[in-house]
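Structures follow.
Paired with chain B in one complex and with chain C in the other, chain A is shared by the two complexes that follow.
So, the complex of A and B:
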């Protein structure tokens, strides 16, 4: 495994001989049954997604085409453990330009959701999620900011309803997902 | 609602009340001038977008809850943040069109006495301005033409993409924001990779790539001689404005490009003062630009 250090977050590149035993032939079917992943088999590896990807331009490791190919090949562990998966900015350029209508960004989201189930949640998402569950807002808006609104002539900020959110998200087991071990 | 009266729930999202209040202040001022009524949305929550990478279901529930709140008053939503507009609009369309998904989500919503009915619409600020208020009315309301000012625009990904859901403008050659800018009398310049992402969504994961992406865009904008950049997204604004001096220091560049929220630019043309439009919140001051247009 070759690790490329770039600006804080590690970008992990793995270069190794593929072993047939590392491949899970059912993985692509699993993905294709999840909403957003339906078209995984349609990718013919033209590379439009990677060449048009703004992040790929500056990242040494993030390559959407590779992620799609690894998924097709069933390299489940490698894909889901890959840190570069999380570099997708979800700008949807790949999705809009794919000649096969593969919905690349949606597939990457499906893979991230699976990675979370496997226990990998980047710390930033835990912070955002706990703020949403506690306050309704993705950021903990400081009291000072809320008070300043009056000074600025802005209407008071509506309060979130954490009880309602707790009820709604209990059944999908959202809190449990976040308790999973991080990194 | 009286005939012809425009009225929306204003959806602030999280980033704007957290640290981009100038966008909210200038939007409210401009909409008041144009006769658009904005109501506060009670007990709304995060649009859902930040949770999509963690749990698609969670994103759907967060968005659906917001939609239900608006449906209770039968009022459409106007969002200021493209992320919120894109997400709420996408989920609204998905739930309207996919009966199975709607039943599934309604089953969850039931525990809190909510039900998605599919009776409202979700629009971004520039859609409301372009489609509902109309360029004609905006042009007629201009009191002080910004003629002579050369600016560039940056839309932000989620008002344009995915095209399947937003679809009101061409993501490869966006025109709506340009037309709105030109309604003020200012000239809107073309530049390379106009519709490219600012990099903000990766900021929590990597600290260099987003700055490199913004640097590249600022370079293209500087190269065509734009005197200012106009945005319609709190996150893009943070990248180009709040972070501009950081980008200059880190990547050894000099830009000095004032970056205004579109309603700030429009507000100036409608005769509002820089104070009313919270222009003092900008770090890169548009002093020369204001002087040039006689303000």
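So, the complex of A and C:
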């Protein structure tokens, strides 16, 4: 079996044995039908995207070319549960430079969406999401900071509006996704 | 009918030269039209040629001179085809002979004029790396070895006229129209380079030490701007590491061409070996996506480059080249796809291998000839399998790079093929083999 260590450096170990039973030959067609994923099959593994990716230059765990390859090979589970998917900063450098016109950043977005549907959401994103639901802010502003502002005579921060947010996230199904898949 | 025994060949590169020689030796009358002041084409710009590593000019020059001397060949250099009417067996052609402002009969090729000409402009033959005068021969082995005044840059100081002992300068020369009657036409207009500036991430045109392969070929050549000394253009330093980037604009579905230019993997290997020959201390890296070396003896050639010459190959298409403005040194960012690791490497010179594309002007020529072009602008074959040198117009044949990507041996073979097809038209029209 394929040994996968979630999000860790092991992700980049490419010498792992692939079993044909781990591959879903239909996965690439599935992706190519979703807007943004159309050109997945055109990737010829040149490595331009990885060499240009600002995240890949700092993190050995993140390799856009590898994500595209795993998707082409149909390693669905491995791709979707990979935490490295979530490291993409959506800067679109890869898309800009890809000689084959593969929309790499879009494909990664498509994969992230699929991952969420399948229930793979990294804990940190869940924390962020629930913070938005609770306070209206992605970032919980510490009490200390609010006090400091008062001391300095700065105007108080606008209040978040979790009620209307809750309505919105309910409508678009975001809330359900999060709740259903919470472990 | 005498007119039907003649054939027009358009383009004086290796393909056009070979087609002309084949036809002439079969007793056909050939008009070889070349746009620039000399025949020779791209091959004359090359230093050595793969896979034999012959000196390019040494094997080309005798063929060029034979074209000049052959009683059956009329060279029409600095000329262009303006109109073609009629059909196979009887084409009526109008050719524009541009004024050279030098009398071809009188000019002895001594070069006295150019020595005194005060105007210097970038030399096309050296891809702009060197300079020439406003009165010039493109290169020392030019055929014909006659000077030409470049009207655009000449300041009409008349120094050349005073210096020329043969009295060959004639500022009053006018464009001339030549009418020809030919039985068949062979087109061999070759290729040009994809504009590497459009791949701005590699910095061509911005960084002085990023060159195209053809510029680099001139830099290697003994007849080039540095006299064959392999130096860096920015500071004249001897390079210690040179990197090639393959497929710049080739095999690309975005802002490039989707086909493989087919010569670059092998010529990069050739240039790599030449670097090691020049200076064994200088490292050579070839960054490739796939090494397409499919011709006879080519894989062996690459193996030798690796094993005997120490040329190193890295499977990666680099993402960008960054210059250190203080030193002119370059850093190449790439993912070594065999290791899955993002790396960077310093190099003194980066050589880009741009896609080889049909000449822009060949579109106009195709219009004049009534020829169809393919999606890339190459002259379209009547049938890619069984009639590769035939076109949609009977009596007009194509060969060399203008028909599609190929190297010199293939260009020569195809030239002979198109010459044979053109000769058939003449034989049918005259009812017998010409003698």
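FYI, the second predicted complex is superposed on the first by the 144 of 183 C-alpha atoms of A that agree within 3 Å, B and C clash if a C-alpha of one lies under 4 Å from a C-alpha of the other, contacts with A are read in each partner's own complex, and residues count from 1 in each chain.
Quick note on the criterion: a residue touches a chain if its C-beta (ideal position, glycine included) is under 8 Å from a C-beta of that chain, and two chains touch if they have at least 3 such contacts.
This is a predicted model, so every value here is computed, not measured.
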Using the superposition on chain A described above, determine whether A:76 touches chain B (first), chain C (second), both, or neither. neither
A:158 contacts which: chain B (first), chain C (second), both, neither? first
Touching A:66 in the superposition: chain B (first), chain C (second), both, neither? second
Should A:167 be classified as contacting the first partner (chain B), the second (chain C), both, or neither? first
Chain A residues touched - chain C or chain B, whichever exceeds: B
In the overlaid three-chain picture, which partner chain does A:48 touch, first (chain B) or second (chain C), both, or neither? second
Name the residues of chain A shared by its contacts with chain B and its contacts with chain C. 57
Chain B contacts chain A in the complex at 12, 14-15, 17-19, 21, 24-25, 28, 40-46, 50-58, 61-62, 65, 101, 108-109, 111-112, 157-158, 161-163, 171, 196-197, 199-202, 204-209, 212-213, 216, 278
Enumerate the contact residues on chain A facing chain C in the complex. 12, 14, 42, 44-53, 56-57, 60, 63, 65-66, 97-101
Would you tell me which residues of chain A are touching chain B in their complex? 6-9, 11, 35-36, 54-55, 57-59, 86-93, 95-96, 103, 105, 109-110, 112-113, 116, 121-122, 124-125, 128-129, 132, 136-139, 141, 145-146, 148-149, 152-155, 157-161, 164-165, 167-172, 174, 177-178
Name, in rising order, each residue of chain C that touches chain A in their complex. 201, 247, 251-254, 256, 289-290, 315-320, 333-337, 340-342
